[in-house]
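In what follows, structures are represented as structure tokens.
Below are two complexes that have chain A in common, paired first with chain B and then with chain C.
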Partner chain A sequence: MPARDPLSLPIVALLFGGALAAALFVDAYRLTIVIEIAILVIFVLSIDFLVGYAGLVTFGHAGFMGVGAYALAYASHFLGWPVGLAMLAGVALGAVAGIVIGALVTRVSGVFFIMVTLAVSMMFWAWASKARKFGADDGLGGMKRLDLKSIGIDLNSDRAFAVVCVVLAVLAYFFFLCLVRSSFGQALKAIKQNENRARAQGCPVQRYKVAAFAIAGAVAAFAGELHLQNTKFVHPEVAHWIRSGEGLIVVIVGGAGTLTGPVIGGFLFVLFHRIVESFTVHWQIWMGLLFVAIVLAAPDGIYGRLSTLVGRKPARAAPRPEAADA
Partner chain B sequence: MELVNLYGIQLLNALWLSALLFMLAVGLSVVFGLLDVLNLAHCTLYMIGAYIGFTIADRLDSYWLALLVAPVAVTVIGAILYLVLLRRLRGNHLIQALVTFGLLFVGYDAARMIWGVDQFKIAEPALLTESFPIFGQKYPLYRLFVFGVGLATAVALYVGLDRTRLGAVVRAGVDDRETAAVLGINIDRAFFVVFCIGTALAGFAGVLAAPIRTIEPGIDVEILIPALVVVVIGGPGSLKGAVLGAFIIGTAETFGPQLVPEFASFIMYAVMAAVLLVRPQGLLPVKPAH
Partner chain C sequence: MLEVERLRKSFGSLLVTDDVSLSIAAGAREAVIGPNGAGKTTLFNLLSGELRADAGAIRLAGRDITRLSPDRRVSAGLARSFQRNNLFMGMTVAESLATAAALRSGESRVFWRSFARAASAHEKAARLCESVGLADHSHTLVRHLSYGSQRQLEIALALAAEPRLLLLDEPTAGMSPEETKSMQRLIADLPRELTVLLIEHDMDVVFDVAERITVLDYGRVLAQGAPAEIRRSPIVRQIYLGEAA
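For the complex of A and B:
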């Protein structure tokens, strides 16, 4: 648990502090990198909560980003709701979707779970890429950002938007930190370690898993809303399974079940992507090879490996998911 | 009568698509069910098969040579992949899924680097360019050929699994790996052969599909999802399940756009979700549910 881990706080402080400083001082192009990092971090934290703590290996979490983005687009663009209210509605819808989908998918386990989550998210993607109202697979532009002029912040400036996104990423980190330390989080870890034991001790396993899905769904929907406001564009790609897979990779490469690891992973992913992209259009081949190398060299993830190197046990919540079910 | 003709043609389309999906899914399914290796990059091998087939057909002007050589080349690539990488990951589905997911990116970009982003097609072999009068129209003979090949593959695999020594070894290994190993059977070698057959079929399917579907970067991911759905609804590791699953998905994908156009794009996922809710182990699982 991050509390007993001396590395966690300095790393997180360094990364988020760096991002905040960058948001204040860098040029317009690098600002887009900061925003991208902050949004990805929020997204992967919600995945880590499911994968690393609740042991629910989802391959379709980007579907919730899609729910948030499309709900926001619908409410603010078509119904004319204020963006703040529309965002609340989107997050609520993300939570509801989490409950419904969670109740459905937690009936299966193992590799089937991976497949069903994938299928459900792709159903959303398939709908979105045919939804003519939202421009089908061309997407739809002209989306508005949240209006905070009343408190003196103009989010239409990318700099202000970047600062807000970084602050929100920090809040998301501490939100999940509190959550995993709460009795609810502890119960999830118990379920992940041994579901039957948790059930025998009277823990309503199913309900807890669904609740975890609702929370992770709401946060991912929120990340989707930020993504929409960043690009001012709604596009089915936001829910594509490649994005879910990337998120999962970021979590595993960073270190699942640590919260700090996925933050590291999020920073590295975006930076690596942008840097390699500036040298070659074939960034994916290097990204893929790096994924494979890291997963093989450090199955605990970068953060797990770091923790081991400084002589502490890796801050894992439990044995790696799925390792035992083969 | 017109309706019969219309649906008849659609049925024929469903059949060749099912055959294609079967050849792809059976490798994925058997490799997962028997070897416990979830290989998301299976469809990368399909794509590479199609590209290599295109290059051979283009340079040597022979479809049949492409159909013969490309699967061999793909098998070599698959074998290297298995020996170097996948063998070590056996048993950990999450890591397998992620490593092979990474390989998807590598394969995609490698194909783009070598063959570019243009669309290609392999010309149908001269023998099969004719059309076949059926249901009041002319139906391309080549599509029937694809269906025939798929059917023959299914029969050959069934007989192979049921009647040959390798089949018996594989069944024993699936049933109880340790006992089989103790009895002196080289399980690892048998599983390696099974993996190679699976990859060869993926490459084979790539070339078979190339005269009908275009070859371009991204066809790997495009076909991966239906193939995975076939595996899941049929039951991983199950040969009969792959046949049934391929037929269901091939039919749904062909008739869906016609009957319910607005839902066509997610019929496949809905079928899968429904099957999993009713029978979480798939329709024809290898091992009965405990």
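For the complex of A and C:
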């Protein structure tokens, strides 16, 4: 087993600890930043699980956020289900969507794989943009947040909502940490390194990839539900390919194949956006320049570079597979 | 153990496996020889399921596996090594063997417990390292192994699949004479109950290991018999050993 990375725990503790402290003490505007970071972190962790650990580069992952958000909106707003139950249903639907889409897209590979994930997610976006019931491309407001009053938490307070989101992001981090270190995670690593050999060892490769899609789909759907509760608004934008692309960039800039990297990337993306936005409307240009600079200086992402700098091997899920042949 | 009946495979108009039939008894050691391009590796790919046969049948211990996927054939008891090293380059030797053990036992479906705690997989990996002579390298990254050691790992990975029938595709390809000797010993020391079918170019290895030899040329079975017969057969001497008849 590769040595555990000594950098990851301090960095993650610092970032999440900072976010939690911020959630408790900062003003109303900055609370929205904390919430946005927490939700983005959950989303990009699920992307990284597919991209960095299972080797499945998806360009349509926001589609699963859309599934979660729209399922929650439908079940709680139209069917009148309690939000908690509706959230469970949305996550389950995210997993089912992951299985269906996973079974479909894992039949192709390379660029075609990326294109199919993009196409499927944009089909969802196109449907949502025309769905009158959900306000089509205007979206629909009046969504409720989860009711935790029975345990003394009022999520309608942004502060409480921020704390809960940060805690959920921490849980998501440890959920994926557990997963990638498990025997199942090891099988995914084997598939990523050499699919052909994994199959020759008796591994039903396709099924493992579909399982990875189901897990990542469920978690992204969950992130979509939090996003909906944050804005109390359901809108097709949640599933747009720009969000998928941003998520992928955050993963790559932070360090794909590590869990700490995407967390760093998520914090950086939101903070940089909000800070630069206050100076210029052209924040995207500066964000683009920053990310190009990072990728040039650190091809392994920020975290991969940090790990190399302190002279330790990052706990990466290994390089691209060698050409497999027989 | 293995029954192959009139197996055919063509790529376009090129017939690469032409009516090949084989019958291998349990515990037997057999070799497939033939000049380059004779269709030996294609035959292995058909047996292991990486290629689908156009016609014919493959039975493993009486069970028809002709239509099974490669991973199902492994569960049915068939494992192979590859002619060109086909390994988990980013893992250590012990890690890749433990991974293979977990894939075989179904431990790899466990997502709630750390792989580091999959004790039986790690014990099995240690035993395999020992048995193929890689114990000293168990914590070496596979890509840092010497070529010869990578060949040994090829065999160890196939053994980790706990096969009843082991297909070895040119185990000594590219090896030095010393490495070839130790590989020869390794093959000779394989458990007797294991059925072994190997492709090999090194005639010393073939005549040392194999109890029966099948000669392929242009996808057809040219001759089949004991090593002594094959050595004497004029047609084999002419076409394969390259001597004037």
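Note that the second predicted complex is superposed on the first by the 316 of 326 C-alpha atoms of A that agree within 3 Å, B and C clash if a C-alpha of one lies under 4 Å from a C-alpha of the other, contacts with A are read in each partner's own complex, and residues count from 1 in each chain.
Basically, a residue touches a chain if its C-beta (ideal position, glycine included) is under 8 Å from a C-beta of that chain, and two chains touch if they have at least 3 such contacts.
Small disclaimer: the values here were computed from a predicted structure and weren't measured.
Contacts of A:A297 after superposition: neither chain B nor chain C is touched.
In the superposed model, A:A198 makes contact with chain C only, not with chain B.
In the superposition on chain A, contact of A:L118 is made with chain B only, not with chain C.
By the touch criterion stated above, A:V310 is placed in contact with neither chain B nor chain C. More chain A residues lie in contact with B than with the other chain of the pair chain B and chain C. Looking at the shared chain after the overlay, A:L248 reaches chain B, while chain C stays out of its contact range. Looking at the shared chain after the overlay, A:A190 reaches chain C, while chain B stays out of its contact range.
Of the two partner chains, chain B is the only one that A:G288 touches; chain C does not reach it. By the document's definition of touching, of the two partners only chain C reaches A:C178; chain B does not. Overlap of the chain B and chain C contact sets on chain A: residues 321-322, 325-326. Of all residues in chain A, only 1-2, 178-179, 181-187, 189-190, 193-194, 196-205, 208, 318-319, 321-322, 324-326 touch chain C in the complex they form. For chain A in complex with chain B, the touching residues are 57, 59, 104, 107-108, 110-112, 114-116, 118-120, 122-123, 126-127, 129-130, 241-242, 245, 248-249, 252, 282-285, 287-292, 295-296, 299, 320-323, 325-326. Note for the complex: chain C touches chain A at residues 41, 44-45, 48, 50, 69-72, 74-75, 79-80, 82-84, 86-92, 95-96, 98-100, 102-104, 107-116, 118, 121, 143, 157-158, 160-161, 169. The part of chain B that touches chain A in the complex is made up of residues 32, 36, 38, 85, 88, 90-95, 97-99, 101-110, 112-113, 221, 225, 228-229, 232, 236, 262, 265-266, 269-270, 272-273, 276-277, 280.
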